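In order of appearance the chains are A, B, C and D, and numbering begins at 1 in each one.
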């Protein structure tokens, strides 16, 4: 896969997360992702693979990522002044036709794509509410970037105590539910939404080798279709399609 | 092996070579070497091994290395602000008892240990002449750090045309010959010195795995003793001992 | 993109098939969707292994990163040979198409070869002998020379008219290479991934059990190519850890006629690999084909084993 | 240095020998001169393999770096068993001393075991079965189970009173492990280096042909340890690519009772590896010994082969 070397234009700490901006022209759909890594020699061996990140935002000229340092890949990204990125990958959230009223549910670092999604919904005049769940106060700092968002923390330090589903969100009040977070949270959202007659879309998180469909590594079980590659047909799936 | 993290205090380009200084207290004997690498995570995997470098100089508080960028290890060293180094390793040049008159013969980046050696000889009041051979003018820039040195370049662009042995050096005029450079050059120096009744010492260059005697990788054939580890018994050997 | 010096000859011939470059995508590492990114790089096309009927593959997680490599356990997910052949035109980049096949039994291998023998779009077949042989208790087809000879012989009979490569794993590679040659293979692909395991140390669970690929295995693959090339008279296609143009050269020096790029294509544009290879050739005025086996004869002073 | 929590139990027992930590230096990777640097790290000492008579070893170059690893071809350079034993006191750090032996023939192995059986300083013997067997045309002693059974059986007879580990290579490791166990080995060291080759692409020459070690091989070694631990009832000592405290934990989770640190000790202070391992245990309140085999039973959903 072809990677493009770009300079980090801004890096900002948002509590436990890092916001990173780099120049990127062209079109990015909300929910799409990028494979990224700190720039190395022709390739870096350590880590060897690039890492998938949802776009946090994109204004036509600058792309932003929001990430949590977990291991070596994110640690190096957190320190790099030059990074290597692919073009936008995968299929994002279905925003056309626009729903009347949408709920955006984010868990932990899974809040990332909800920013760009919110802007796209805004542009379409869609009323939407944001519900965010975090482990603790440090992670919840990013909630400040989502004005009006309802927040829950597992340790109860900020907002409601519990997960995103404990924020008091009433899924039945919406025509569309968009969610991103760890897969167990997505499974819970799917379950909660199953009773309501709403569009429910989930941005799933699977380990990726390539990001462009070549390795068959990132699969998600889909009803009636076996394992499908989340980097090509996702990362956003209709909740009812996913066979969890 | 234990590595110490140190800051690079100064980095200076000397033609094709780089001079790098870092804080290091304690005693360094001329001809000793260090295993060094750019600082990474607990370990770096790329490159995986540290690289051997002769001390170029040491003033009791600051150590200097002089190196040529060849591959990835030296390229990263050339860019690093923090490096990891071992304590001084190996056995250096025999300067005690001090010879009356010494010739120092360096080839290419092999000039490195001649700086610290010259200072140690100076301290012992040993008259010494320096003869340096380089590939080209870019490499020969470092000769400026050896006042009075006679220089040859293979392409004839600076000084005599040819190798260090074409500088007009008369090995018979000296009691001791100290030499460092690529092994074929050392073999030529050994041959040239064989007729003279002088102490001739060579700092050899073998691929190293560890630097502390553990891998048996860096061996040099020594008359009557088979292969001996150059990181423990060298890198400086009596020319007559080496079975080349 | 790749600078084509007028005197630079990147072409090679593999089993009588002219290839415009010695690079081939390793089976299972280049998808239809990514073909737009690789124009001009490869000498032949080689899609993921196909099997007689559809395979769902293994449940995720299927991939895990390791030092300078990765472990995968895809489980040969593929739509089965019929749908595979229906979609094959998508792989037509104007270069020869090779097809990788695998079955559970010798008979399945042979019938795949027969099915494919008719298809004029296909220039050559690669037998993926690393897959488990259900007739041998799940050991790979290339677990031993007898089994290799059996399956390659049956495929040869079923596929008299197309060049046929046998793809081998590292274990027992020299004996298996000899067996494949004597059973009629026209060439050998060496090697597939190494059996490996990764662990999620925090969860104290197995993460992925599968095959190790990537730069980590390059020295192992080079040794296999070198030894096999010295043991057989058919051409060898190198595979395992190729990450740069000089890696391509190393495999050819060791005896490979063509070289597959797999895992590294996930993290690097293969055009860059070809460009580096071209630079290497230009710098020494050598054509690609002249590299093959060039270091043979220049044996190391002592052929030591491992240390041992 | 290593923080010894009062509740932290790093000790394990290997073949009845109590070890204060599960770490052992891999044979051939820790010299006498470097012993001052490793105090407190290891549970047992294990010097480089010794042979009946002195070996000069292979000519240089003997080592070459590879992606996340290195290839070595030392050629078992050692002073021969008599001088080795004369110098053995230097290896006394107050922890059990294991001795690694290798011969050209089964008889040589047996006579080494006999010679060492008398020496009270030595707690256990490791048979380096990766070395070439001159009676089998230079194939390694562990090239096949028959040869393993032969040499291990002869050593067992010659060494009735000391624990005896058989050190195996990756190729055929499970069958060879079973053979070694049934011939009387008290434990198995898994694995030695992988056969590999490096090339000097500029000079177009072989650089080093030998054994690959280092982090690159960790997933291969883990798979071998896991499979062997599942196939035998004697303890397994893990070796191959250990570079961190969590790597030690991974090997133990896979089934190792003790773990050897080799190549990485060239580039890292092994105290740091032990400290990380201790941290891992403290964080979960586990003692070292409880890790061994802890992920067994937690098998992956599909035991896939390589992909295959």
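List of remarks:
Note that a residue touches a chain if its C-beta (ideal position, glycine included) is under 8 Å from a C-beta of that chain, and two chains touch if they have at least 3 such contacts.
Because the structure is predicted, anything quoted here is derived from the model rather than measured.
Taking A-C and A-D together, the pair of chains sharing more C-beta contacts is A-C. Centroid distances built from C-alpha atoms place A farthest away from chain B. Centroids built from CA atoms put chain D at 36 Å from chain B. Chain centres here are Cα means. That of chain B falls 45 Å from that of chain C. Multi-chain contact residues of chain D (touching two or more other chains): 28, 59, 66-69, 72, 74, 214-215, 243. For chain A, residues touching at least two other chains, in rising order: 45-46. Contact topology of the protein chains: fully connected, every pair of chains touching.
Taken in their complex, chain D has these residues touching chain C: 28, 49, 58-59, 66-69, 71-76, 102, 128, 130-132, 138, 140, 169, 171-172, 192-199, 201, 204-206, 208-212, 214-220, 222-223, 226, 241, 243, 246, 249-250, 253-254, 280, 294-295, 298-308. Against chain C, in their complex, chain B makes its touches with residues 45-46.
Here chain D touches chain A in the complex through residues 67-68, going by the rule given at the top.
Contact residues on chain D toward chain B in their complex (touch as defined above): 28-34, 37, 48, 54, 56-57, 59-70, 72, 74, 77, 214-215, 243-244, 263-269, 271-272, 276. The touching residues of chain B, counted against chain D in their complex, run 1-3, 37, 42-43, 45-50, 206-221, 226-227, 232.
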